[in-house]
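Okay, so chain A shows up in both of these, paired with chain B first and chain C after.
What follows is the complex of A and B.
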């Protein structure tokens, strides 16, 4: 058996101590709902049996990871389903010790998964992806248990289950908002802004004077709260999505310009000389040498812009919009104290934003496969 | 030699481009504001020539696009000529925004550094937390801003703190990412040297990792302070336009006061530039004291 660090031993100890206090939780007032809760204990019991039989048969001990996983499978559903049984009264102390033990076990599982080197490549990969997943799930779990167990006012922070129900039940509204804000404003603005930035960078490529003038300005503008132009754009282009497109174009233009210009400057003079010896024209040099060398910079801007675009479109909607759109929904539902709807909208925005970023990152991997950062990431 | 180069390479091009922008601005002012004057003249039933319109477009009360000199005059009026305590003083509003920015930036920096130290020293934290830190950058956090404000208001917390929290949230992530990179920047050979000195983990941290992370820290601080100003401004939008630069923007857009919007915008830009420059100075000062050739 491998040695445990002091932190890991401590976590095991917490979980072990809790074992003596959990029994009342299986009684009727707490474990309401379906009685399947008891079956969830099975993997844990099997593990305990295997553990006690180990000495007699001299078999190697089952991995501690499985024990932690079995513990979580047993107790997380039990603690979640017993939340319904409490009603309006406060949960007993042994409930909270069980919750603490669950969190400690999840932490222990993460510690084990990230500290050991698995020989099997597939297991190693699984452990690599499992660690962040377990962390995210335990945050959700803690959120659910704390908000419902402590009876935190729903206006302050609704539990995830409630947000999920709301999300499922108002899909048409959310889809309309998504269409208005994301498909119309963000995508159009992103394409226009990035395209424009790219074209301007190419256009000023042959003029060092313009580059010297525009680069410091572009860097400066990147640090400014550009989002402030939103009210002006709403005034100029009206309430509908066109004004949001304008805001997004302005926000995405400068990062793209600055990055493309510095990307085009990234080729060394040696490579340029080589192109000269080939008698390559400016256009050939651009397409065959300098643009490929600039891709990492350009994708950097594309990634930055994917978040900026969504932020720009949502914030611009705070300044005026037709009665649809993510920013509009967020600000009005906050006013009506429909906090679960706000969170549902935020969840949609989060998923859309991450997916957008992820797609850009995937394209980057495909295009700049030769870049060290991509190659290193692959070998890990 | 050095000076003329600086002039030729920096001041000249930037100056020319700024001048060109100014000219474009003035031309745009004329074209955007002419329709309004035409309409007024048509409504009054008088014919108006272009040469008569031209000066009028420069001095409209609520122009579509205010002329630069109007914006400058407004800024002058609301900063120098107005007592700072007045509710119409732009300095007062800038101060409200600045205080929220700085508080949020401070909390965000401390939190970000602490988290980065944890991530660097604990493998489990690195594996489980880092993907979320990166993913959270792709999420439009600003969308949560109105909710944080309104919800905290409902509990009775209002004023500086909610806005500062939004700034904290925004400034926190660049610092975590930058600091993790910085604290990991010492090479294996240097860490091995510390090992041969029998240095404790805390000694390695304070004498090797911390100093070598400074350039990374300041680079992310520059990003963080700019973005926390954005957070503070956006945080002021849903509070019902009481005070702060964001509130000025919102009030201006409600009442069609374009000059006010533009002056608030310029003030915000000046504020951002000043903050970034201050961080830049701190950067060079710290690096100089550490003996780095910057």
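What follows is the complex of A and C.
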């Protein structure tokens, strides 16, 4: 067990002492305490910054993690609930020093968690996921405190709590939009676009004419801002989700084509010679050698396309749509100044997009387990 | 121009010229050679002497530009299509997404062997190269020497009578190489195959071969063909015997005569 240095022990004690002694002073709505309360948090802030920024890192001590965690659990709810008490007044200085101390402590906690070596595999795994979680929560916390504390106009940036309330109360609308945009347009367009890109890449591989004629054209078209064709697709395929599928197909087709073609070319001459010595047919060489070798490239395109498809479908809805869909909702609610609904829709899109990307990435790990990039990631 | 039908490989006045951007390069000129059934033939020479090119011509991976060559009495192309040889490359060239077992099964799958037959052949060849128990491993989990042994097993799996080996042990260290040379001789003895073996090591060539083909560069040609007088039974310490050293010095002379030692 690592032992605490005397300075660390001292600071842990100070933190605990501060917490218990000044808890009533710092309680909601922060207006009752004495003026000098603002300075109480300064030693803690300085210690956190000094610890996080120092160049030579000593091994952190476990007790410090608990102290930081206890501090956050105590003060984050206090600062959040005090927000209601300020009304239209500006929060006092000791409120802001407490907020800064909370952020500094969260940083310290993250610093401690990510630099420790844990003997227990479960604890190590927990710490691995805790670091990004704490970081994300700190951002949300700061967002909430700043927008409400500084009275930032809600149209510019609504606080997360407001977005969350709106999200919870409009679940049926959001679900209908999600169905229309994601389940119908994105998934269909993604499957069609990637599938077509893959098949055309194989056709190109077979035909020298396509190789010389279509591939340069493909590179040219993939450089175009494809989203510009969205209004034309709406004219061709109508207002409903079919026109969005068309946009998504166009957006995802060329990345898939270009990546699959380079993936099919990725096999070494020795590997191909080997197939030749077996007198393997073109199809056998494709299935047993060139496609497996191309998977890393193909999955690259699948990952790029998972985000492109969502962008394409949402933006395409700006150009005409029935009265449902994520893009439709964003464009109409922003016109009605219902910014919280826009943000709720963005939150849904972010979660859906990340989940989609994550699923593709997971499948990639399973399929290309043999690739050095995946192998190395596993052993570390 | 006569071609002996009894020989496994028979080359008459064979030439190959590569057209490059810097003009034509004579990789092979006037090669006359017969490899008989059961021979262990080594091709030795400095880089650029065409030894690998000659092996690739036998395998129909390159087309000769002049002269004639037969493999198993047919053209190299027909021989390749009849799957009459196994080829071992400089690197193991195992596919990393297949286990060792599956890598050995690769030619068997392509040639349409039944599942039961595949299983029997995998077990037998793994045993031949002393890799029993490693079938479920992936290539990147094995050492370089084991990978090369697995690639030999793969070339043996479909029972071609001719084995073409292109510096298969070139990238391995001396100790592993000695070990594999010894195993290769045993394997050759057990399977009675014809082996064409490209190397740039004189001791390796002398230790393994019944016939040593000395080649030299610019243009690539055969300068000497030495029939080995060593017995078929060869322990590793035969390399200290006067007979061995005499053959080795003859090889070295052959290389010198072909200006292989010139700067």
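Rule of thumb we're sticking to: the second predicted complex is superposed on the first by the 308 of 380 C-alpha atoms of A that agree within 3 Å, B and C clash if a C-alpha of one lies under 4 Å from a C-alpha of the other, contacts with A are read in each partner's own complex, and residues count from 1 in each chain.
Operating definition for what follows: a residue touches a chain if its C-beta (ideal position, glycine included) is under 8 Å from a C-beta of that chain, and two chains touch if they have at least 3 such contacts.
It should be emphasised that the depicted structure is a prediction, and the values quoted were computed from it without experimental measurement.
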Which of chain B and chain C A:187 touches, first, second, both or neither: neither
Contacts of A:371 with chain B and chain C, given as first, second, both or neither: second
Contacts of A:276 with chain B and chain C, given as first, second, both or neither: second
Contacts of A:331 with chain B and chain C, given as first, second, both or neither: first
Which superposed partner A:232 touches (first chain B, second chain C, both, neither): first
Partner chain in contact with A:284 - chain B first, chain C second, else both or neither: second
Touching partner for A:48 - first (chain B), second (chain C), both, neither: neither
Touched partner set for A:146, first chain B, second chain C, both or neither: neither
Between chain B and chain C, more extensive residue contact with chain A: B
Partner chain(s) touched by A:356 [first = chain B, second = chain C, both, neither]: first
Interface residues of chain A shared between complexes with chain B and chain C: none
In the complex with chain A, residue positions of chain C that touch it: 59-61, 80-83, 85-87, 89-91, 93, 95-97, 106-107, 109-111, 138, 140
Touching residues (chain side chain A, partner chain B) in the complex: 107, 110-111, 113-115, 128, 131-132, 134-136, 155-157, 209-214, 216-217, 220, 222-225, 227-232, 234-236, 306-307, 310-311, 314-315, 318-320, 326-327, 330-331, 334-335, 337, 339, 342-343, 345-346, 349-350, 353-354, 356-358
Chain C-facing residues of chain A, complex: 268, 270-271, 273-280, 284, 288-289, 292-293, 368-371, 375
Chain B - residues contacting chain A, complex: 9-10, 12-18, 64, 123-124, 126-132, 135, 137-144, 146-147, 150-151, 154-155, 222, 226, 229-230, 233-234, 237-238, 245, 249-250, 252-253, 256, 258, 261-262, 264-265, 268-269, 272-273, 276
